[in-house]
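After this come two complexes, each holding subunit A, first together with subunit B and then together with subunit C.
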Partner chain A sequence: MSILRLAAWVAWKDLRLELRTRQNFLTTLLFAFIIIVVFNFAFDPGSRAARESAPAILWVAFLFAGILSLANAFAMEREEGCMLGLLLAPVPRGVIFLGKFLANLAFQTAVETLILPIFVVFFNVRFAGGFLPFLLVVLLVNVGFVAVGTLFSAMTMGLRLREVLLPILLFPVIVPVVIAGVKATALLFQAPAAPGWIHWVKLLAGFDLIFVVVCYAVFRFVVEEAA
Partner chain B sequence: MTTDTQHADTWAASPAGGRAGFTALAALTAAALVGALYMVFLYAPREREMGEVQRIFYFHVASAWLAMVAFAVVFAGSILYLWRGRLRHDRWAAAAAEIGVLFTTIVLVTGPLWARPVWNTWWTWDPRLTSSLVLWLMYLVYLVLRGSLPESPRMRQFSAVYAVVAFADIPIVFFSIRWWRSMHPVVVSSQGMNLEPEMVHTLVAACVAFTLLFALLFRLRLGVERARLEAQRLRRILLERE
Partner chain C sequence: MSKDGVPVLSLQEVRKHFGDVPVLRGISLDVAPGAFIAVVGPNGAGKTTLFHCIARLMRPSSGTIRFRGEDVSGRDLEFRRAIGYISHQLFLYPELTGRENLRFFARLYGRPDDPAALDETLAGMGLAVAADRPVRTYSRGMKQRLAIARALLHRPELVLLDEPFTGLDQHAAAVLRDLLRRLKGEGRTVLMISHQLEHAAELGDRVLVLVNGRIRANVAGAEAGPGRLPALYLDAVGRHGGAS
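Now for the complex of A and B:
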């Protein structure tokens, strides 16, 4: 079987688990929703400040919710020695990384898909630059964020300070992704959409390429000692 | 990884590179630092517009240079550790990271001290300032990660992995932050500093002195690690005898 097929099996295992319990999904969704509601109180509704901060609020909600679910991505493997079972599977370690990465990516995208309509209604934004470019930006941010997040999630799963360490490790590294996501979104929300967003898409693509490869390559060092 | 303890023992027991060599390095560093101080305060001319405060520049730039060197050493040590699994390389990375954080802190403190009278503001989200800040955060986190795990191959592998990821991130951080700012009107452009030859000499001297200082601190820090491992080994032997 090809690497991708094997990875898809690992991903499917996680997704099926999530589909059956829905525990992680619902809490993450609720968390993202609450962030958006709380941020509404920080601004005068309908004011210029609220409109201008909309892209930043959207990404804070997406990424904070994402961190929350990433922290659980490997934690559940700790129970009943699941991680050991997973590592015993006769596949390269990179496949496990790809599988986890794909599952987290699907999860993150699903949460965002449900949160986005609520955000659009609350903040009254228009996709002046077209919806497809916006979709592209979201997907590219997700790939980079989830790739690094999956690696660090595997790293912190057994640690006492897991909940604090994961965001501390992750946020400085994904600074470029945050900047690019917020900036590109802001450019696409502007009334006459600014064409500069394409630069940020290129930057995101570069980040994604580098970090999917780097995380895939170093993943084995992270799980070797963890089981 | 089973031989990790043996690595630790052989590394700790290997000669620390000679007492005489160390004394020579320390003396050379001291002389270079005094020389650099002389050049910064007496040799380099007074800047016409900024005045005396401009002299911070020499140490500021030298510290930034040193931080770059340190982070390159962290990366090299981490890659070597992942590849070969030798304890020594992990300690290179740890020692260099501490020195790198120290000197990035100096950069971030001397920058605002200079900026207050010259730019009339302590802090501005100028690309270089922001990049230094993010860099400082990443390596601070590296040290936090090391500190949050007990001494083990796992701790060394995790920190090496983080160092590799952080290093791969540096160019992207620089680019993204530069673009992030350039989309805005730049309120304060970077200083169009035309350097006098004496100023260039002073800057070079400061950089050389700081590089020596790095070598000295690096050796001292590794010496501490050696002593710590040797103490651990002796304690183990004593416990076995009982």
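Now for the complex of A and C:
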């Protein structure tokens, strides 16, 4: 069976578990929603300050909510020693990483899909540079963020302070992704749209490629002695 | 040994240390096909670490592990396919149903998606009625039977049991004993860690007493028969010092 099909099974299992409990999803969604609402009260709707801050607020909501869910990405594997069950399976360790990565990516995208319309209404944002380029930026940021987040989530899964440690470890590594995401979004929200966003997209694509490959390769060392 | 004299599993001077702390101090062991080996020893003797090294969940610091005469280093996937691991931890997802758990692990072990075979497996473990209930609603005994079904799905040659009787009531323990006897009857090679000496003496063709990372006694099951094993065990642990 191909690595991708096996990874799809791991992702299927994770998403099915999340659909059953909805614990992570509701917490993450609520957290992102609160961030948007709180920032909305801080700025005058339609003001220049609100317009200029909107891209940063959007990514604060997306990424901080994402960290909440990533911190628990391996929690279900600790129950009943399920991680050992996965590690005993005759599949490359990278399959577990890819499966978790795909599930986390789907989860993050689902939360963002629900939060984005609320953000658009609250901040009166227009996608002057086009909605599809904006979706591309979101997807690329998600890929880099979730890849590194999944790896660090595996590293911290056995720690009591994982919710605290995860952002401390994660953010310094994904700084380029965050900056590129905010910058590209700001350029796409401008009217008229600035053409420079494509350079940030190229940067994001490059980082994604490196991060996904490195995280896939390193994952087995992270879980090697986890047993 | 097999007919050609090659043991199913062979350990040579297997050592494992965590930092400066030695946990396994040179374990050498040959396991013949179809043998049922019981491993007993005090807490901290290195039993679970030994099983984790055998199952390739961790790498030994030194020494060699051979499966059917071939070094397993670098052949992890092939070797893991030949192993079924049952522990007091269940390796089951409580929110998935029994059927979903088996289906998921069957896929990971490369088994074809065969609902009839899964039904048969579940029925064989007495779980047909509960198959579509979340595992969290199962009793401890039912969970343990499902865990055994999960571990045997891919028909492993070598079965590792790490304290399978932990947390079971008398009835569930009796059911598990019957299952293990069935495994033994099928001629599977089994290694079992147990704290209950009576289970080790009853089921084991051989009983190993592991103390402080070393095999201190290796006796035939008959020799370790009812009544004799506790004295043998206490003697081995007493002379060499338990870690508990």
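Annotations for the structure displayed:
The rule we apply is simple: the second predicted complex is superposed on the first by the 227 of 227 C-alpha atoms of A that agree within 3 Å, B and C clash if a C-alpha of one lies under 4 Å from a C-alpha of the other, contacts with A are read in each partner's own complex, and residues count from 1 in each chain.
The definition used in the following text is that a residue touches a chain if its C-beta (ideal position, glycine included) is under 8 Å from a C-beta of that chain, and two chains touch if they have at least 3 such contacts.
Owing to the predicted nature of the structure, the values given are computational and were not obtained by experimental measurement.
When the shared chain is aligned, subunit C comes close enough to touch A:M76, but subunit B does not. By the document's definition of touching, of the two partners only subunit C reaches A:L17; subunit B does not.
Of the two partner chains, subunit B is the only one that A:V214 touches; subunit C does not reach it. Within the superposed three-chain model, A:G196 lies in touch with subunit B and out of touch with subunit C [touch as defined at top]. Once the two complexes are overlaid on the shared chain, A:A89 sits against subunit C while remaining clear of subunit B.
In the superposition on chain A, A:E224 contacts both subunit B and subunit C. Put simply, subunit A uses residues 224-225 to touch subunit B in one complex and subunit C in the other. Within the complex formed with subunit A, the residues of subunit C that make contact are 52, 55, 57-59, 77-78, 80-81, 83, 85, 87, 89-96, 100, 104-105, 107-110, 134, 150.
The touching residues of subunit B, when paired with subunit A in their complex, are 1, 82, 134, 137-138, 141, 144-145, 148-149, 152-154, 157-158, 160-162, 164-166, 168-169, 172-173, 175-177, 179-180, 183. Chain contact summary for the complex, subunit A toward subunit B: residues 148, 151-152, 155, 159-161, 165, 168-169, 172-173, 175-176, 179-180, 183, 196, 199-200, 203, 206-207, 210-211, 214-215, 218, 221-222, 224-226. Within the complex formed with subunit C, the subunit A residues making contact are 1, 6, 9-10, 12-13, 16-17, 20-21, 76, 79-82, 84-92, 224-225, 227.
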